[in-house]
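Letters A, B, C and D name the chains as they come in the text, with residue numbers starting at 1 for each one.
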Amino acid sequence: MSEMSEQTTETADVQAFRSTDAPLTQDELARVIADDIAPGSFVNLGIGQPTTVSNYLSPEKKVTLHTENGMLGFGPQATGDQVDEDLINAGKIPVTELPGASYFHHADSFAMMRGGHLDVCVLGAYQVSATGDLANWSTGKPGAIPAVGGAMDLAIGAKDTYVMMDLFTKKGDRKLMAECTFPLTGVGCVSRIYSDKAVLLLDPSGVVTVRELHGLTFEELQDKHPDVRFEKAGA
Amino acid sequence: MSEMSEQTTETADVQAFRSTDAPLTQDELARVIADDIAPGSFVNLGIGQPTTVSNYLSPEKKVTLHTENGMLGFGPQATGDQVDEDLINAGKIPVTELPGASYFHHADSFAMMRGGHLDVCVLGAYQVSATGDLANWSTGKPGAIPAVGGAMDLAIGAKDTYVMMDLFTKKGDRKLMAECTFPLTGVGCVSRIYSDKAVLLLDPSGVVTVRELHGLTFEELQDKHPDVRFEKAGA
Amino acid sequence: MLEFVDTAAEAVSRITDGATVLIGGFGNAGQPMELIDALMDSGATGLTVVNNNAGQADAGLALLIKERRVAKIICSFPRQSDSWHFDEAYRAGEIELELVPQGNLAERMRAAGAGIGGFFSPTGYGTQLAEGKEVREIDGKHYVLESPIRGDFALIKAYAADPYGNLVYRKTARNFGPVMATAAAHTIVQVDEVLDEPLNPEHVVTPGIYVDTVVGIPTGSGVKEREEREALAAGRPKPCMATKTAAELAAQK
Amino acid sequence: MLEFVDTAAEAVSRITDGATVLIGGFGNAGQPMELIDALMDSGATGLTVVNNNAGQADAGLALLIKERRVAKIICSFPRQSDSWHFDEAYRAGEIELELVPQGNLAERMRAAGAGIGGFFSPTGYGTQLAEGKEVREIDGKHYVLESPIRGDFALIKAYAADPYGNLVYRKTARNFGPVMATAAAHTIVQVDEVLDEPLNPEHVVTPGIYVDTVVGIPTGSGVKEREEREALAAGRPKPCMATKTAAELAAQK
């Protein structure tokens, strides 16, 4: 398997700024993330939209998927006869087992996460700050029943935590913040935002590197986020 | 296996004081300890003299032996064809595997100890204090190379830590102290001393309950340990 | 002391009012549903329950909560689309909630089982869930001090137990079981299979030292594998690779 | 990134001067002797080594110490009847020793692998080995704060690796291997068998995520089991119970 290292794709960090006229569809966005995941990586995909990234991870890439409930190497959703109530993912969806899989208990599974052994974790978000703070577990509404699950563990566990989200809410509110107003999930943990309108590289300095813009100009991005400093990648 | 609870022998704590004229032999002492171990117990026997206790644990008693290097349920020393270099005990002696055995890694093995899951641990000692402090890893000689192994973990891990030793050194020095002069292995961890001349129950109060005396009178015991307060069991 | 009992009712009979009970399972996988039902029937109340969730629909843990038998729940994800009994009890102020990130929940029980007095976890640092807790910077990273969670009892589901109480689990139904077994003073296990022979010592996941009460309750877990094994024993198709041991794989080379 | 290499020399070739190397084994069981020999041949020096012992007789780790290639050793039991090379280096002040109780040694590496910043251990409280360390009373019991031990590399021995880097061990040769694999930035494993097929996912002890470099070096471990398997495959006597899986035991009922 040593030849794998030669297959490593160009990493996103060295890509120069590029832009297109239309926002990415959810499928296009999933493909962009999948393309950025290096062959042989161990990856955790959050519940919901991040799960769709798996559709674009080709078998040749040998990416191994982790699920917090104690498994490495699960495959596509189970159907028909394949359904086994003892074999589910973090979203409690029946899945399948791929060759090379392994099972372990919950403490071992979260040790694997917390210990930084996963290469990439892709999560959804309510808000992300320019320095990488993540808010994705609570909108802080009074009276709401709080529930966190594995979100806080996932946020700080992987070598790289990517957020997959729309850049703005349906109401048009921004989700990239100078500082999150929703309760935090983790501090300084997000390294990249993959959104319909922009691919952004975050840094503890708070300077946001803009790698891609889709249906949005650099000036429009800056106008919408006056309290965030942006720089074009490769500039 | 629920019938086992009926087989539980009378515990030592309720035994009244008794004495004999001659010190116990090492084999007799091993038998006394074995008799005090309840059926179904999980037990760790330290290297050296404590190992001999296993000679008196009958199979019907269903005592399971733990070894720190990652195994429950080992059997007698391996001989001839049985020898397997991958199957050794803490003393690095080849042993055998009994039905019901299990293997686990070092962190799990010491978690089992430290978490208080072993019923009894039997250790040797240089000195024991009246309040149960144990000194068995170093004589504190200047220039000696220190080595501790699993001694400190074992000392504090089991529900009950028993010490098996001679009551006096070959030179006649006492080993039961008001306070240990040798470097400590653990604080307040020993609950009983099984020795050739006395079986003693220790307590954080420092009052030592004398359950058995062999070849030593109560007055002689007190004379040799003027700074320790003794009481006869059941008195 | 290990015991094998015949009914779930007998298995949970020692659980008294006010006990802290660790309950395994993630979703339905590994959830000891029959033991929970028996706990419901037992009448024990004022319980503190530790589980990943707070009950779903009208079954198991949700019913215990509906009947106000749970005074406090320690969990990571109480809010689900069908957690209406918890929701109601919580809004009425009739159940105490300690919300714990899932990994801290598992690690805090692991700490209890391993005799660790507390540990510094990076999870939750800087969030509401760390408020009031000791924090510390170690080698440039921030951590929160977390304490052990011990149970008086654990109720878990495994796939099979051997006569020595050694357990194996099936697939992702393993989840919290092995950790909870170490963290409780008395561990009660329901298994699909009570075996007559010892498990392979290399394959044991939970050694019998952590197991106190076993009850065999066939629930259908592993039926497919069992059919495959029976077919094999009857001389039909060769076993799938996944059931071979390392020694068998090595021998066929 | 997982790689399979052909020689022990290749396996250890990344280890540079000054590296911290975790070395598995307890006694001879699980000791990666061929990897240690290769490390000796590689010339790497100024090493920090973590091992339960400090080398025995005139082989492996003892030779590394004899040649003064080990600047510091972290271990629980350096003094043995045949640890003369360590004894000499230590008395000459030419090797630094950090003596750690065996369970703390294992748990400190476990903490490193699990992302724990520190933990309160009861082991060693009130002894010389806790001097200078933070102590704390928690629920009436005394604990010592212990820190993680990380390795740049781990050298371990397992019984078999599958094509995905998943590992199984043999009997008490498991010892420190699984913990060290989690605690090192790069884990190098020597195995007796490199398998062509995946291991049973239920039996994997070290998942491939923790494994970076694998080299197959038959050392004779497990020969007996292999012979038994081959006899079985040839239609000879029935397998001993210990090699059956839970599913097989269930199926024969």
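As a convention for this text, a contact is a pair of C-beta atoms (placed from the backbone, for glycine too) under 8 Å apart; a residue touches a chain by one contact, two chains touch by 3 or more.
Everything numeric here is computed off the predicted structure, so don't read it as measured data.
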{"item": "Distance-maximising chain from chain D - centres being C-alpha averages", "value": "A"}
{"item": "Between chain D and chain C, distance of the C-alpha-averaged centres to the nearest whole Å", "value": "30"}
{"item": "Centre-to-centre distance between chain D and chain A (centres being mean Cα positions), rounded to whole Å", "value": "34"}
{"item": "Of all residues in chain D, the ones touching two or more other chains", "value": "107, 110, 114-116, 121-122, 159, 162, 169-171, 197-199, 201-202, 222, 241-242"}
{"item": "Residues of chain B whose C-beta touches two or more other chains", "value": "71, 97, 99, 103-104, 111, 113-114, 157"}
{"item": "Arrangement of touching chains [line / ring / star / complete / other]", "value": "other"}
{"item": "Each pair of chains that touches, named by its two labels", "value": "A-C, A-D, B-C, B-D, C-D"}
{"item": "Residues of chain D that touch chain A when the two form their complex", "value": "1-5, 110, 112-116, 162-164, 166, 182, 197-199, 201-202, 204, 207-210"}
{"item": "List of chain A residues in touch with chain D within their complex", "value": "1-2, 4-5, 40, 42, 64, 66, 71-73, 97, 99-104, 111-118, 157"}
{"item": "Of all residues in chain B, those that touch chain D in their complex", "value": "67-71, 84-89, 92, 97, 99, 103-107, 109-111, 113-114, 133, 138, 143-153, 156-157, 183-187"}
{"item": "Residues on chain C engaged by chain A in the complex (per definition of touch)", "value": "26-30, 76-80, 83, 86-87, 90-91, 97, 99-104, 106-107, 109-110, 121-129, 142, 159, 169-179, 205, 220-222, 224, 241-242"}
{"item": "Contact footprint of chain C on chain D as seen in their complex", "value": "107, 111, 114-122, 136, 138-139, 141, 143, 147, 159-160, 162, 168-171, 192-193, 195-203, 222, 225-226, 228-230, 232-233, 241-253"}
